[in-house]
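Chain naming follows the written order as A, B, C and D, and within any one chain the residues start at number 1.
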Amino acid sequence: MSDVRADDLGPWLSPENLDFVRRKVPMVYVDVVPVRLDSDGSLSRVGLILRSPREGGLWRTVISGRVLLHEPLRSAIARHIEKDLGPMALPRIPASLQPFAVNEYFPAAVPGAFQDPRQHAVSLAYVVPVDGDVAAQADALQLAWLTPREALEEAVQAECVSGHGALVTGAIAHLGALP
Amino acid sequence: MSDVRADDLGPWLSPENLDFVRRKVPMVYVDVVPVRLDSDGSLSRVGLILRSPREGGLWRTVISGRVLLHEPLRSAIARHIEKDLGPMALPRIPASLQPFAVNEYFPAAVPGAFQDPRQHAVSLAYVVPVDGDVAAQADALQLAWLTPREALEEAVQAECVSGHGALVTGAIAHLGALP
Amino acid sequence: MSDVRADDLGPWLSPENLDFVRRKVPMVYVDVVPVRLDSDGSLSRVGLILRSPREGGLWRTVISGRVLLHEPLRSAIARHIEKDLGPMALPRIPASLQPFAVNEYFPAAVPGAFQDPRQHAVSLAYVVPVDGDVAAQADALQLAWLTPREALEEAVQAECVSGHGALVTGAIAHLGALP
Amino acid sequence: MSDVRADDLGPWLSPENLDFVRRKVPMVYVDVVPVRLDSDGSLSRVGLILRSPREGGLWRTVISGRVLLHEPLRSAIARHIEKDLGPMALPRIPASLQPFAVNEYFPAAVPGAFQDPRQHAVSLAYVVPVDGDVAAQADALQLAWLTPREALEEAVQAECVSGHGALVTGAIAHLGALP
């Protein structure tokens, strides 16, 4: 099995073509940190997805995925949320496309960047409040809604892969909710 | 009659005290640009309030108001929206307090700053999506929902006071919706 | 002649490969608005580049270019500035990679997006203060340092292509310098 | 001795008047995180100030201070940097006044807010690169330039007061330099 995820197939890109373009140009990604807000808009919970990788073990990540050819960023954000959280999540797609952070993923370890053995990606990171019901989908085992304090715990951060521990810390900081 | 607005009175500050502090320190304000979003999160309409000032004529402004002592910014945002748009507006209070702009108002005309004859104010500007029903309240005559193109028309911009024409242009730019 | 710019060639990508990947995935770009600041940090001048396209006429644009495979964003920003402004420009590369805007370019006209007949690109837009000497390079005929008011004039905006008129307006708004 | 700092005196505000306005309205503040950048713009060091408070012990803080009546934000940023780092610091005053965070300080402990026993303040937080020579001034004992990793150490964070540990973490996250 390849590590190409289901949504990377389809009319747009075969695994061979994806492998080819990954050796030619950086990929455009979106990283989405799903959150529950209190009624006054302040951060209540951060959603972390538990995945079970082929390599074994358990990984925590945020929602992350590729932007397809001719796909608007807002559509990519909505599509990846639906893929991981299901169709009833009722996300509030950002009114502004200004991301709170831009993450660079490189195949090799680079200081100040995240790592993705598959590719070089440039990822726009958004916080997306989710008001509806969520049900882990596809390769997501479970979605855990953690308090900011829980999400920052060493044990949780240690389970985060691809730099997503730092990404979640940055999202919590951006929302003014560091303890 | 004074130009002190109703919400500046109350247990916290008499007109005399307000006059006094205005001669001593800058005031903290919030500027709120209410918007209607399309289902994909993109900007549909910008809300501009029509006011009838004592001086005569008609003014267009966004929602703008003072932050009270010990009042959290999120509460001030919610309060001023309710004051101008009524209790059924269902605003999405920002998850992050990072404003898209900071506006400085000075009593005298200063390049790059807005003007407010009453005071020196530092105002945090937010775009706030509004999902519910709005009804102009208090000293607001009417709320007009304009397309980005309409809001940028010279005639509309000319009716905007206190720099709110530039503020609306900046909000539309921040939302990626300049024509 | 192709519209592939010189810096897209090199060890990384032949014109054929570039054409291929452009039909497969969105390209990662950076848009850089060069500015001169006053000593207090406020905006003095905006730099617009005058280009002479094969099609004839004159175009105004900001600095814009592709991010290469394995190239950090900061390096891409520095490289494209040097390509257009020369090696003595002394740009202040942004400390934070949070862009002030994200621009989407599509081959077809799409509301709220910019147009680029060659490709789908996602571009991170930065304002970069430039302290040194600049000399238009490569396919740039001239760099004009305009006041914010001049840059917003209809005649100047009409010469801007690829949505760069709106991009410059957005940069001026972001810097709080709309007249 | 009063806890009024020297720069709050002067023509504008006596201690009595300052006490009075503090009981009436929130104060406008700026928080400045001074940083050293590498030549590519990435974060090298974070500056933390060591202060010796009347209460004894040692405190670490960033640069923080009040905005005076009729004082532009850029001038307040420059003035507070000069007060703490001396006249040769050569700070790069921000081109945009959009802060990376807005901090609320309340006299009582409030979740998600910082604490300041003296007052309610709303503070705009900026990262300011400093290129020149710094010398701790006034009530600052010393300025320590720490690597991001050092600044995030528990021992250092424990010496930070007024929420400035979280503020520094947020600044490091904003600069994409969380380890």
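Convention: a residue touches a chain if its C-beta (ideal position, glycine included) is under 8 Å from a C-beta of that chain, and two chains touch if they have at least 3 such contacts.
For clarity, every value in this text was computed on a predicted model and none was experimentally measured.
Asks: Counting residue numbers used by both copies over all numbers at the interface, does the chain A-chain B contact come out same (over half shared) or different (under half)?
Replies: same
Asks: Which of the two pairs, C-D or B-C, is linked by more C-beta contacts?
Replies: C-D
Asks: Which whole number of Å gives the spacing of the CA centres of chain A and chain C?
Replies: The separation of the two C-alpha centroids amounts to 28 Å.
Asks: Using Cα averages as centroids, what's the distance between chain C and chain D in whole Å?
Replies: 34
Asks: In whole angstrom, how far does the Cα centroid of chain B sit from the Cα centroid of chain C?
Replies: Taking the average C-alpha coordinate of chain B and of chain C, the gap between them is 33 Å.
Asks: Residues touching two or more other chains, restricted to chain C: which are they?
Replies: 42-43, 72, 97-98, 100-102, 174, 176
Asks: Quick one: do these chains touch in a line, a ring, a star, all-to-all (complete), or other?
Replies: complete
Asks: Using the touch definition up top, name the residues of chain A that touch chain D in the complex.
Replies: 42-43, 101-103, 112, 166, 169-170, 173-174, 176-179
Asks: Chain D touches which residues of chain C in the complex?
Replies: Those residues of chain C that touch chain D are 35, 37, 40-43, 72, 74-75, 77-78, 92-98, 100, 127, 129, 174-176.
Asks: In the complex, go through chain C and note every residue touching chain A.
Replies: Interface residues on the chain C side: 12-13, 17-18, 20-21, 23-28, 66-73, 97-102, 104, 106, 110, 113, 120, 122, 124.
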